[in-house]
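Here the structure is laid out as structure tokens; the discussion comes afterwards.
Labels for the chains are A, B, C and D, by order of writing; each one numbers its residues from 1.
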Amino acid sequence: MSAAVPGLMTPGAMASEVHSGMRLALPVDYAGVPMALMPHLVAGGARDLDLVCVPTGGLQPDILIGAGRVRSVETSAMTLGEAGGAPCFRRAVAAGDIAVRDATCPAIHAGLMAAQKGVPFMAIRGLIGSDVLRHRPDWKVIQNPLSEVADPIVVVPPIRPDVALFHCPVADRDGNVLIGRRRELASMAYASRHTFVTVERVIDGSLFDNEQTAAGTLPALYVTGVAVAERGAWPYGLGGEYEADTAALRDYAAAARTPRGFDAWLERFVADGGMP
Amino acid sequence: MSAAVPGLMTPGAMASEVHSGMRLALPVDYAGVPMALMPHLVAGGARDLDLVCVPTGGLQPDILIGAGRVRSVETSAMTLGEAGGAPCFRRAVAAGDIAVRDATCPAIHAGLMAAQKGVPFMAIRGLIGSDVLRHRPDWKVIQNPLSEVADPIVVVPPIRPDVALFHCPVADRDGNVLIGRRRELASMAYASRHTFVTVERVIDGSLFDNEQTAAGTLPALYVTGVAVAERGAWPYGLGGEYEADTAALRDYAAAARTPRGFDAWLERFVADGGMP
Amino acid sequence: MSGASPREHLICTVADLLQGCRTIAVGASSPIPAAAAMLHRARAAVSGRPPVRISILGSVRHNFFTNGSAELFDSAAQGRIDAFFLGGGQIDGQGNINLVGTAPYPRSPLRWPGSFGSSFLYFMVPKVILFREDHDPRVLVDRVDFISAPGTSEPHVARPGGPHALVTGKALFRFDRDAGRFELSGLHPGHDLEAVRAATGFGFRHAPVPPVTPAPDAESLSLLRGPVRDTLAESYPGFAAQLQSA
Amino acid sequence: MSGASPREHLICTVADLLQGCRTIAVGASSPIPAAAAMLHRARAAVSGRPPVRISILGSVRHNFFTNGSAELFDSAAQGRIDAFFLGGGQIDGQGNINLVGTAPYPRSPLRWPGSFGSSFLYFMVPKVILFREDHDPRVLVDRVDFISAPGTSEPHVARPGGPHALVTGKALFRFDRDAGRFELSGLHPGHDLEAVRAATGFGFRHAPVPPVTPAPDAESLSLLRGPVRDTLAESYPGFAAQLQSA
């Protein structure tokens, strides 16, 4: 059955669709992080990646930064949550090894929305007087064109990633994927040229067969490829499926405190195929 | 059980929340038209209504126009579908009795999105060179502020209705309502000051109890009131519940071909309480 | 297999225009475009070409969108919709379309439903096929009374899409975007140039002896009368029933 | 009932600030603000006031949003969120907050996670409560190294929201939006003005003898130790367990 699923591929083949110099959209910790791709991404040769965290990042971008694959990160925050700060990110920032495009969550959403709507800019309130704005030459303060009185407002350009990567519980035989309430995943897919989704399993029916699953479905129209990866978000959790493995996240945080510790952790992680 | 549902009211009480001079958002034919409110709206005293059809209108605005309750209509289209044109709308347009703000579907969505995002304008492609644009003094062509080369683009202001009205299959004990895939209903609610929803039934549990219904749920945060109205979209259909009653729509179209025919139809409709 | 009915011929003519299209959106009350898209999809399937997606707007069953009625416009703006169909109360020789009403605006004596998404989609979808079965000088006019969407735009206006062809019950026209004019590319069987010229309110270029639009091949007819009609019957039962006879 | 622990006192101080708030959003890793919001909700319920809604970001169970992580920002922009909590690596006397890192930017020697939604929510939410348990001159500075969001804006900048109060483990400050400065409105039990002054890197106005922040009443303590702790335990089990002793 699975052979007929459009775009079905292996995690390795999926990771090989990520090429040097691409702009990659990655999801927030709790939205389905495609960790199962990481051993393949790290084993592959893609470098100089520009990451966009939607709207914040954690373990996945930290590993890519530690592995030297990242040129820039656009994010509203980078953290391992309860396990603390993102160690490779912190080191790279202090060393000036990566360019950080500090943002704020709704500005990332606004950039994706501009791409979704096919418009060249999106307005956003707030930000004026912040150093976030001051360090973003790609953002601009304009006068509200529909106001007679002074009304400055920020406009941000579209964020159009080359590739969006995320992990979902289910794909169906037609390549539709179930995102549930995690609609930021839809935003990522709408905005991106290609979207690759790892899933816990592929079902034989269609997610459009009933309106309840249809409401939480990202249509195959936006899905370039699907790969099966059981417990594919580990050590992150997946809503309705499994909880985050906080101990494993803490292990990472402790190990990655030094570059040598990170390298050892990464070597083991790749050797284990990213599995617990 | 139902007594504990926040905002639970009767259709009559709901209709009485619509006051003269308000801006009303109404849904497209297939998204859950709150027809059960119509006898009460028509029996009530609200006049000079400004309607916003999201993004097109049919029987509901046509009845309000025929009943003399409407000052203006913003819409991308007005039609009874297979039953033909909207007769009261056509007459009112030809007579100059109502102001028509002709729009195009994505411009209505853009206006609602601007309200949703709390921004004073939203850009939209297309439209340039159309008479739709030429007749909308509230829309404006600006130069894309992020482009160095000539790039004209239309901006539209937010659409912020006073009240949104629509019909859904289910509300839960907390006042959350199930919209399923009909996410334009969420857009209407986000953009509107108040949202009143008629439903087929109220369930005792929570739509948040499982992630599948949660994905199709509009949170009570946006719902001012809920009223139970079985077959409340009739003669329109309701996805997953019942089909449209095309014969009844055709009866309306035939009757409303003349003002006298419309008046007779309306009298019977109100007398029947809007029921088949 | 018996010869194609005029409607079957029309459906095949439209289906031929969809060549290369992967994702097609169709309006709710457009059975002929819907049938053409389904035939195109069926032909792609039997010949092993990549799968074709069709969304029939307003349909629950044939609708792969999950983000409300805005999603069609968003996906078009993202470049994901290859073809769309538009009609119009009036269509003029420059490809302008009028879905609003006759002059004077706004108090149109003859008022049509409205522009729907045309003012946007006509700019965004690469292949917009204008379809209007009745070929009549009141419809095909020299200059529309109201421009719901213009046929062409100035070069600095962002416009990836626009009109590709105009199909009527009598003929097929291609739209020349550079010239901003229609060109007759075929007459349907049984129609002649003079009658088409008389029925068309705008001037158009044409060959001295215009070709006849190709008749459906046997495979297309058999798909149309088999699986396509069955699928069609789910959304347009009346239309599907009378298809072969019409 | 035994007296309030310092944490319980803190929770009640924050809950008092939420008076009149109907809809409150709380960050994922903010157990004290979450507990305060839950206490506020429980007090509203027992006294028959309108129900209070709480969304804990990133939580599945305590999250009433269904439109992804953008919905918090959208609903704040719509004016639907009455109160929100922010912390910060640095907070200065003008109410500016820094969630990014120490100077020089961008190569911060000490880098914090980032601004999250603060650059927006600080403008949009009417009552932003700054909460930082450790009261330390490295945190409460005269001037932040990086402005994630400014404490005040020029009058022509659209800004319905802003800082309302600053709560630390030692004291409660109100923010005076006209003056653009903090004012000490209470010391927590066991803390004195001189120590607070020494621990605060910015100057602030205060009464000659500042009042002590009110101790929780019996009803609040009983709610906190009963239903609030039980609800809290679902999201913050470790925190809930040590609540009374801390």
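General remarks:
To be clear about the criterion, a contact is a pair of C-beta atoms (placed from the backbone, for glycine too) under 8 Å apart; a residue touches a chain by one contact, two chains touch by 3 or more.
Please read these numbers as outputs of a predicted model, since none were measured by experiment.
With centres defined by CA atoms alone, the chain at the far end from chain C is D. For the pair chain C and chain D, the distance between C-alpha centroids works out to 59 Å.
Chain D has its Cα centroid 29 Å from the Cα centroid of chain A.
Rounded to a whole number, the gap between the C-alpha centres of chain A and chain B is 36 angstrom.
For chain D, residues touching at least two other chains, in rising order: 60, 65-67, 77, 124.
In chain B, the residues that touch at least two other chains are 113, 117-119, 124-125, 151, 153, 181, 186, 211, 214-216, 239-240. Contact topology of the protein chains: irregular, matching none of line, ring, star or complete.
Chain pairs that touch, as defined above: A-B, A-C, A-D, B-C, B-D. Residues of chain C touching chain B in their complex: 28-29, 58, 60, 65-70, 73, 77, 99-101, 105-109, 111-124, 146-150, 153-154, 156-158.
Contact residues on chain A toward chain B in their complex (touch as defined above): 110, 113-114, 117-125, 138, 140, 142, 144-147, 151, 153, 155, 157, 179-181, 211-216, 239-240. Interface residues of chain D, counted against chain B in their complex, comprise 23, 51, 53, 60, 64-67, 74-80, 124.
On the chain B side of its complex with chain C, the touching residues are 28-31, 54-56, 75-79, 81-82, 85-86, 89-90, 93-96, 99-100, 102-107, 109, 113, 124-133, 135, 149-153, 181-187, 239-240. Across the complex, chain C is touched by residues 6, 115-119, 176, 186, 190-191, 208, 211, 214-222 of chain A.
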